[in-house]
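Here the chain labels run A, B, C, D and E in written order, and each chain numbers its own residues starting at 1.
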Amino acid sequence: MDLGTIVGMILTAVLLSGAMAMGVGIGPYIDVPSILIVFGGTTGALLIAFKVEQMKNFVSILKVAFNPPAHNPSDIVKKMVDYSTKARKEGILSLEADADKEENGFLKKGLSMAIDGNEPEIIRDLLETDMDLTDERHKANADIFGKIASFAGAMGMVGTLIGLVAMLLNMADPSAIGPAMAAALLTTMYGAILGNTIGGPVENILLIRNGDEILLKTLIVEGIMSIQAGDNPRTLEAKLLAFIAPSQRVSQFDK
Amino acid sequence: MDLGTIVGMILTAVLLSGAMAMGVGIGPYIDVPSILIVFGGTTGALLIAFKVEQMKNFVSILKVAFNPPAHNPSDIVKKMVDYSTKARKEGILSLEADADKEENGFLKKGLSMAIDGNEPEIIRDLLETDMDLTDERHKANADIFGKIASFAGAMGMVGTLIGLVAMLLNMADPSAIGPAMAAALLTTMYGAILGNTIGGPVENILLIRNGDEILLKTLIVEGIMSIQAGDNPRTLEAKLLAFIAPSQRVSQFDK
Amino acid sequence: MDLGTIVGMILTAVLLSGAMAMGVGIGPYIDVPSILIVFGGTTGALLIAFKVEQMKNFVSILKVAFNPPAHNPSDIVKKMVDYSTKARKEGILSLEADADKEENGFLKKGLSMAIDGNEPEIIRDLLETDMDLTDERHKANADIFGKIASFAGAMGMVGTLIGLVAMLLNMADPSAIGPAMAAALLTTMYGAILGNTIGGPVENILLIRNGDEILLKTLIVEGIMSIQAGDNPRTLEAKLLAFIAPSQRVSQFDK
Amino acid sequence: MDLGTIVGMILTAVLLSGAMAMGVGIGPYIDVPSILIVFGGTTGALLIAFKVEQMKNFVSILKVAFNPPAHNPSDIVKKMVDYSTKARKEGILSLEADADKEENGFLKKGLSMAIDGNEPEIIRDLLETDMDLTDERHKANADIFGKIASFAGAMGMVGTLIGLVAMLLNMADPSAIGPAMAAALLTTMYGAILGNTIGGPVENILLIRNGDEILLKTLIVEGIMSIQAGDNPRTLEAKLLAFIAPSQRVSQFDK
Amino acid sequence: MDLGTIVGMILTAVLLSGAMAMGVGIGPYIDVPSILIVFGGTTGALLIAFKVEQMKNFVSILKVAFNPPAHNPSDIVKKMVDYSTKARKEGILSLEADADKEENGFLKKGLSMAIDGNEPEIIRDLLETDMDLTDERHKANADIFGKIASFAGAMGMVGTLIGLVAMLLNMADPSAIGPAMAAALLTTMYGAILGNTIGGPVENILLIRNGDEILLKTLIVEGIMSIQAGDNPRTLEAKLLAFIAPSQRVSQFDK
């Protein structure tokens, strides 16, 4: 669970509703038809813009933003150094039991292919194709939130225009103008809030999490290639640690 | 038929017309001259910006958004595994009847070239040239909708400025100002609706469908190369399944 | 002559002037100083932003948008198949007379180099350098129109601000406020019209026409290479047809 | 310490507060709730958009903008020419003591690997992986400030909308309208100031500093490769000086 | 001296000041505090966003826009054909005196390296590194003007907001509202003028001049390689002319 996302959402919600409460109270800022226009209109535009399968994953994609799959590159490096040491001593076939127990699906797949004796070029091709397509799928998922940012803004503007036109046609009672215009502005406000606390930020964190996953997979591919080539475990570790931020690099051999 | 697109359009239309009806009724939001400025002006700008041949395909391009050609990558993988098995047993010439019956034009073309004994390098070159140009054509088509989004917004603004100038020159009767300004805002509203429920979203779904088709063609090229090279059907299947989302990967050999 | 561009411009002009005529007549929308600010200011910004040589070609670039050079890829393919057949039968030197008569300058240059016996690698290098620089020159030309779109919008805004300031300093006579503000808005309107019926759309069509020309040149380079290598005319045709949209592919050998 | 950044911030602060003071005094421009909405809301959006680890480094990233690590490419070139001369005379192992004392961590790492007798290809791979990931981390850090620019603008707009709605609902007292609207505009002003004096400019200087560091590391990689290959120190110097701006190139051999 | 830039600036200045003079005279458009906010604030943001060294070159960068270094590609081609002819007849060492007198620094450096007998691969690497870094430095310089465009717009908006707040707090005297609002709008006007007559256009012309220089350097690198390889001067000329626009290609051998 990533606390940042939760804390960020709560902080923004508290500040904005506090700002509303300080003035005229939260009540006037809540308008069900306006909410329907912005949220419904954005949903409608998303349904046109994306495939049904992509929209069905909406909730599970959102979950990744809040609760990312735990990837610890240092642990993976440590494990691959162990595999490498074992493979050098007892042969690569000795890793069969380890591959079966391996929890990281991508590492498991790579190890199994190496144990089955596939050509290095084929293993690399296959793992990289898998990795590239995962990357594309994740970016397409993040783009749903990018599009929320732009569609929500547009629907907010459309709602405000609908409200302004209605107001302009009913100016007989001057005292009604203020509230009518206030109501018209609410959709723009909802659009800006939806776009800038959900749309843009969630798109960004999803792209960052994808970057982390792709980096980890690149590291795993290099590791598998090294294990299969029978590289020295120290060389393998040096190669893989280059993928980790300097502050988090810990060598098993320096101890 | 992709229900998402239809449902999205209906949802947006119902919500926006509902929002209009709740205020002053739908009537005041319908203004034929304003519709002509935005739709006609956008059409005019598109006719300048694109070739006549591209505009002629407008309706068939729009259909792709609603009713995409059925591409099932899993079926194609299954079929290619069958072809590969047959080619290994009975020789590649045995696939001639299959190639004739093959419904996917791209797969058919590739198979025929392989059966005719062309060099692998030539087959790959030719299929990839075909694929790259299809990709460019589709992107150019999607761009028509991208340009709708930007031209519709601009024409909406031009219409509003035309209306505002007329209103500002006729301020003798204060009671006419409201309705005149309301009418002026309608073009901006039409532009925003056209751009954000047709322009942007349709551009996006067309790009997604093109991505799917190009991925399928990449998979087919790899498969043809593997069949011609006489690869083991299991290896071929492993290669091709890497192009499919993990959740949809089904191996014929795991049964 | 491309009718689309002409029709698009007439359609937009008719619609916008019709919209003006319906309200207060076209007269109030025509203001010479405002036209000077927007068109003159945009011209000034373009003169700063581009080289004098580029601006001198302005009219001939604009002509390309309306009256594109006729490129028929199918005819070029047909001609290259003929050249290839002749070269196979009578030797490449037999094409000398054809090269002299060839109207497409790029094809002529390539053929002559092949007839002169230059190394394939040198021919390809030279033709591709020529093609790449043509591509860059065309894109730089199209960018003049892209910049018109952005400078016209900015100059329109500057003109409106100049007018608003004048209006705000002269509010003694309330009846003058409306017309003064109307006049101030005209520059924004001119900027939006110039930018969205000339700037953006002409930039787009120039980029499309350049894309067509570059594709044709790529096809010609492949064809020259094939002719020089003595490829089978059927193979050459198959290669070149891959560059053409499926709907327009016609083989001479299928007849 | 880079004086430019400090001077720029002071200059902007003095000018803007001077402009405020000249009118109604600085007092009315300071509004704690508005500051909370813009700064707090931007912080909230950043917490959603980035990982907690990245946000924790916020202060140390900001320090890099003000106080960049001293990289003097000319000194590094001079040092590498000395290493190269020594390695040619006394063998690469003679550099062991120099490597231990070397202050630049990247150069130290490369030298040590060369002294340990690693394959050139492995050294290059490892150093380039390290360099590429440093580049990505720095760009991700700079992006935090890029996002500040966009989120601050959006939160400013949300705050203004909240204030406008409150104002529109309280128009009974006309004399309160001005101050209420003034207060509503403050958040937009804070957003624009935060985005354009911290967000955008700091993002830019961080990207420039990263560019300098990556260039220096590229130079170091080329130098290490040259030292290991036993290149002539003059050749090495010529190679490395090409990475330095002509005005700062000083050769040790021209003296 | 490029007349276009000067003419463009004068044209824009005359038109805009004419437009001001026609209304209320130029006087009310000149406001020193507003000028300070926009020009000073933009300078402040630039000082934060760029390194002090880059800002110090500001004037010399601006000069390049007005007075570009004379690069005549045709002359360079002519000269290189002469060098090539001489090198073929009298050996490459005969070019030593020519290299000493050569005015183009890049050509001089390349020739000297070739005369000194360096490996072609090393010459190419060194010249290309030099060229790539020149390209990056020039783009970074042009970016200063790109950032002027965006910072000037933002500072103009901040100034207008400061003025609007002051105006809204002083609405007791209705006759003061107009002039106060007019003054507030001036900063937005200055920002738009600065951004669109200096910022954007100068950025563009600097990028174009850089493109010309890089193209010339690419041509020089190819020429040096050809001279060193002892290519036929006609072949060398054909290669180099491909880098020049067709309308300016003149062969020495066609005479």
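We adopt the following convention: a contact is a pair of C-beta atoms (placed from the backbone, for glycine too) under 8 Å apart; a residue touches a chain by one contact, two chains touch by 3 or more.
Small disclaimer: the values here were computed from a predicted structure and weren't measured.
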| item | value |
| --- | --- |
| Intersection of the contact lists for chain A and chain E | D |
| Number of steps on the shortest touching-chain route linking chain B and chain D | 2 |
| Same-site or different-site touching of chain D by its copy chain E, using the half cut | different |
| Chain B and chain E, separation of their C-alpha mean positions in angstrom | 40 |
| Chain C and chain E, separation of their C-alpha mean positions in angstrom | 25 |
| Residues within chain E bordering two or more other chains | none |
| Complete ring sequence of chains beginning with chain C, oriented so that chain E follows | C, E, D, A, B |
| Contacting residues of chain C [partner chain E, same complex] | 33, 36-37, 40-41, 43-52, 54-55, 105, 122, 125-126, 129-130, 133, 136-137, 140, 147, 150-151, 154-155, 157-159, 161-166, 168-171 |
| Residues of chain A defined as touching chain D within the complex | 2-5, 7-12, 15-16, 18-20, 22-24, 28-29, 65, 175, 178-179, 181-182, 185-186, 188-189, 192-193, 195-197, 200-202, 204-205, 208, 211, 215, 235, 238-239, 242-243, 245-246 |
